[in-house]
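Labels for the chains are A, B and C, by order of writing; each one numbers its residues from 1.
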Amino acid sequence: MIANLIVRRLVLGVITIWVMSALVFFGIEILPGDVADAILGQGATEETLHAIREELGLYRPAYVRYLDWLGGLLRGEVGEALGTGRSIAEMIGIRLPTTLTLGGLTAAIAVPLALSLGLIAAMYPGSLFDRAITFGTLIVISGPEFLIATLLVMLFAIELRWVPAVSYLSQDPTFQQIARAMLLPVMTLVFAVLAPMTRMTRSAVLNVMASPAIEMAILKGVPRMRIVLWHALPNAFAPIVNVIAINLAYLITGVVVVEVIFSFPGVAKLMVDGVQSRDIPVVQACAMLFCAIYIGFYILADVISIVSNPRLRHPK
Amino acid sequence: MSALLRIEDLHMEGRRPTGEWMPIVRGVSLEARRGEVLALIGESGAGKSTIALSSLAYARPGCRFTGGEVLFDGTPVLDLSLEQKREMRGRRVAYIAQSAAAAFNVAHTLAAQITEGPAVHGTMPQAEADTQMVDLARRMRLPEPERIGRKYPHQVSGGQLQRLLAVMAMSCGPDLLVFDEPTTAIDVTTQVEVLAAFKDVIRESGAAALYVTHDLAVVAQMADRIIVLYGGEIMEQGGTDQILHEPRHDYTRQLMAAVRPPPRASGSGADLESSAQPPVLSLQGIDAGYGGVKGGKPGVQILFDVDVDIPRGQAVGVIGESGCGKSTMARVISGLTPSFEGEVRLDGKTLPPDVKHRDKKDLQRVQLVLQMPDVSFNPKKLVAQALGRPLEFYLGMTGAERDRRVGELLNMVELPADYAGRFPHELSGGEKQRVNLARALAAEPDVILCDEVTSALDTVVGAAIIKLLESLQERLDTAFVFISHDLSTVASFANRIVVLYAGRVAEQGPTRRILSPPYHPYTRLLLSSVPEMRTGWLEDHRATREAEQAMADVVNIGLTGCPFHTRCPLMIPGTCDVKRPPVHRLEEDHRIACHREIGELQEAPGVHG
Amino acid sequence: MSPAPGATAAPVRREFRFPPLGVYGYVCIAVLLFWLFAALFAPYIAPHTESAIVTGTSFAPIGDEGLLLGSDYLGRDLASRLIYGARTTLTLALVATILAFVLGVVTGFIAGIAGGWTDSVISRVVDAFISFPTIMLALLIVSIFGTSLAALVCAIGFIEATRVFRISRALAVNTMTQDFVEVARARGESLWWILWNEVFPNAFVPLSTDFGLRYTFSILLLSALSFLGLGVQPPYADWGSMVKDNMTGIFVGAAAVLLPALAIFTVTLSINFLVDWNLARAQKDISDELVK
């Protein structure tokens, strides 16, 4: 039963990623013109265009090129950047650790923090703490990421001069250099992700706390701590995992903005530069990478909720 | 003996949607003594649960204490600290909720939850608590008492869960038990066992009990004393016999008058003339269900080979327990859930199964009235619009003619004509249900399908609706299909009764014949399970029904053979569990589906004693 | 008091009651009105045009050289640019949101009411787009269609439409299972009649709340794109690109960086606050129902 559901979820995930890849690839085909036009720009002659098309195999039918591209994705070979001709896989490979560190650090700080804040707020609904959390998160949610970043830079880099405003990493950075470079970007991201995650955690737990089973526990004389941890949390588990997955979308948006603000040498910056120079292969590769990570976490969240569902774990 | 619980001049308030606080309990005083069961009765909104919960020093979110005192064993509990309240709850005062399915935590085993009380209150070591649980489960006659604790709530039937809730309540040996409508959520045939178990628990423990319910017949079985509440105030209190048989207060009398006598063959149900004329509506071999149809069968099949005839101008009651397919039958007739096998015939003409393919004239002749008055109306539309639409749609009435007719319809259901200008939320539940009927009447149909039209209403209001239905049925030449889980209501009103069990017709025939032998075994169980309004009925019932107590109380749908065989005392092994029962056709179109011969069914032990 | 159960009806109340908003609520409304006014009458109230270079000093401080809020990196009047920026940002986001609702509500209602095949097909297509993180989808669309105003509005409108579809479909499905719709179907009403008379009136209030939320998302998404240099292009002033263009001024602590970002913030916060208040009110109604 459970295994069945999990397999079904995994298959669905693979199909989703596959459909996304098709959308990413064929989206470009809608446009008049092709990669050759993009490379050569407006002044190109027919001959040079023809030559490049030959070289890139653009005369083959679209679905053949798609399958080619898809196969490349699976093998980790995603072609060359149009402008520089450098291997895209290599470019991403160099930058991926930086981006993953950024996202990972943020998650490592924001998730436990958001869960505890949301949980405490839900334990004492209507209290001063709860109202402060509700109000504070609403404010943070309303601000664009670059406002948070700007304020942090003004405070820490310019007023206090603790950290650099821009994160250039030397070839062989020391730990201190990395830490200083990471500080503001991570802080910005934590702020941006913390607010929605706290709010959603709070309402997920409140939802569970309003159930008759919790009222029963109160009337049995169970201490409050135990009610929250033993009665409410196991039931709030699946919704909370879901909350974390949902907030990954905020994290990705945040990463994009933050890498640009701090000139951070990560994959998101690479992608934004790609969009600016209309370097389609780079954009496609980066987009697929982010989407795959995103969907991967979504599937993980679903699998966790399936596994943690007592009705499924202990069938009749 | 001094009172264990004393409530003095209790005042409480609840918050309305508009945000203002309104009194919901006004100056209630009462006393409960050890070894005594005190029942709180009244209709919804009377403040029964709120008062009962105050004995645990608990007010639901949105309610608050505003005055008075609750003394438990001499201690004013409302003034206790949170920690002191916690120590009292569960250990000295225990609560048994309305729906055990909702009150148990789905994430933990039953044993873990039942022994949680002793653990958090430190009343006994874990091992002892486990043994005690098994012991209590055995005394409650739960199946497999040693192993049931290892199950999860969703693995146990509703009736068993409700008893397990009582086991949980007993785990700390409380002095006061608070029962909050503990059998409202379960079917009548399982209720008897649960009531009996509760009664044993109270007697054996010597605790005091508060028993909240709106069901007077249940009160008669359980209570020593009764308090009648209305609008947060005590109307009358006294001994059970006095309240039930010589009510003094007007309101108590109204309540008593609204109670239907338990179904009896004699005198109930207007008798029909001959049913020789062809039925206005007939179902023939209906199979229906939900979910996409695969290979000629739907995902879940609910109705199996249902044959029912509805004679013109008569009232046909459809009865069965929750989930047996009563509503599905109404939906099949109206075409909302198309049957995939069998035919619906209107005056001999076969109707297309799907409402989309039926023509207006046929649609007009069959009208549907649904259970929940609150969701039966578009909240954005006036009563005049709700009633006006069928007039316009079927009869082409417009303008002044339509408005006049709306007024007439409202008068037909005994409402003033100016109600046309109201929105649904400006009507009470009973009034909504009347407008609901008027909407069906507007089409001037031949058949009105009423699906549990009184079950969402209070007893008194529901009784008034039944009265209205009776008078309408007398005046008009309309057939009523009256669906209900309450046999007493159906029996007092219907000319014929159809008994459904697990999607199959167990028995059907004139009311008088259904209520007297020969009985289908399920009908007999049903009839004998309806509590009577007299003290001592429960004991009598148990004395005669001892043999049947080990029966499973889970309905199995879609088995081979007779669906009732898992619970049937007359089951013939090797036959009932493998072969579909034949239908015996007796006179007056009385049909019984059973493998037993009519003679055997005739002789089986009688219903009343 | 003498009990007369069932005979009493709720009194008929018809008068309009002003919502008890509280101080914060009125401040929010005032903020929104202020920006609305700025957007509508930009040419009449702005002291300069949005592209006029009025001083040689970049990042002139507040009040300097007679410029109310100082100048930006090119020496343009910041106050004027903020006013014109309100016009661009708020209008583009509004058009995108309206587009999203037209698209989303129509397809959502059709899918929710028709059910079956139609529903499955539309829902699967939308699911595919919803699976993208918003920013990824936005970047992809921009990289394909470029950054013209029309392309931006369509991109944001399309992305938001997938979310509006979800809600509209859920609302329609929800209403369709209500008893009053069952009654209408049993009466033989057409789907169109049901849509117009039963579904739409009941979906209106939740949809209008969602409109507020979607509008803030549109503003934030548009600003994020502009900030990345992939949104509104010069010579138009829009709040997001103003932040980006003046980013170098951060070292001199210029108002030119902070003010446009704050402007976005005041609008989204005001809308969010009003929406939140509205939701809280709806929820309170529900919880009170439970208590009753």
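Definition applied: a contact is a pair of C-beta atoms (placed from the backbone, for glycine too) under 8 Å apart; a residue touches a chain by one contact, two chains touch by 3 or more.
Nothing here was measured: the structure is a model prediction, and the numbers come from that model.
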>> Please classify the inter-chain touch graph. Allowed labels: line, ring, star, complete, other.
In response: complete
>> Tell me which has more C-beta contacts between its two chains, B-C or A-B.
In response: B-C
> Measuring from the mean C-alpha position of chain A to the mean C-alpha position of chain C, what distance in angstrom results?
Replying inline: 23
>> Please tell me the distance, in whole Å, between the geometric centres of chain B and chain C computed from their C-alpha atoms.
In response: 47
>> So the centre of each chain is just the mean of its C-alpha atoms; given that, what is the distance between chain A and chain B in Å?
In response: 51
>> Touching at least two other chains at once: which residues of chain A meet that condition?
In response: 210
>> Going by the contact rule already set, what residues in chain C reach two or more other chains?
In response: 287
> Which chain B residues sit where two or more other chains touch them?
Replying inline: 60-61
> In the complex of these two chains, what residues of chain A are touching chain C?
Replying inline: 16, 19-20, 23-24, 27-28, 30-31, 138-139, 141-147, 150-151, 153-154, 158, 165, 210, 248-249, 252-253, 256-257, 260-261, 271-272, 274-276, 278, 280, 283, 287, 290-291, 294-295
> Which residues of chain C touch chain A in the complex?
Replying inline: 127-129, 131-136, 139-145, 216, 220, 223-224, 227-230, 240, 243, 247, 250-251, 253, 257-258, 261-262, 264-265, 268-269, 272-273, 276, 287
>> Quick check: in the complex, which residue numbers of chain C touch chain B?
In response: 1-3, 5-6, 8-13, 20, 178-180, 182-183, 185-189, 197-198, 201-202, 284-285, 287-292
> Once bound in the complex, which stretches of chain B touch chain C?
Replying inline: 14-17, 19, 43, 45, 60-63, 230-231, 233, 235, 250-251, 254, 334-336, 355, 358, 360, 363, 367-368, 370-372, 375-381, 389-390, 393-394, 419, 421-422, 425-428, 430-431, 439, 443, 458, 460-461, 464
>> For a test of understanding, state which residues of chain A touch chain B in their complex under the given definition.
In response: 210-213, 215-223, 226, 230-231, 234-235, 310-311, 314, 316
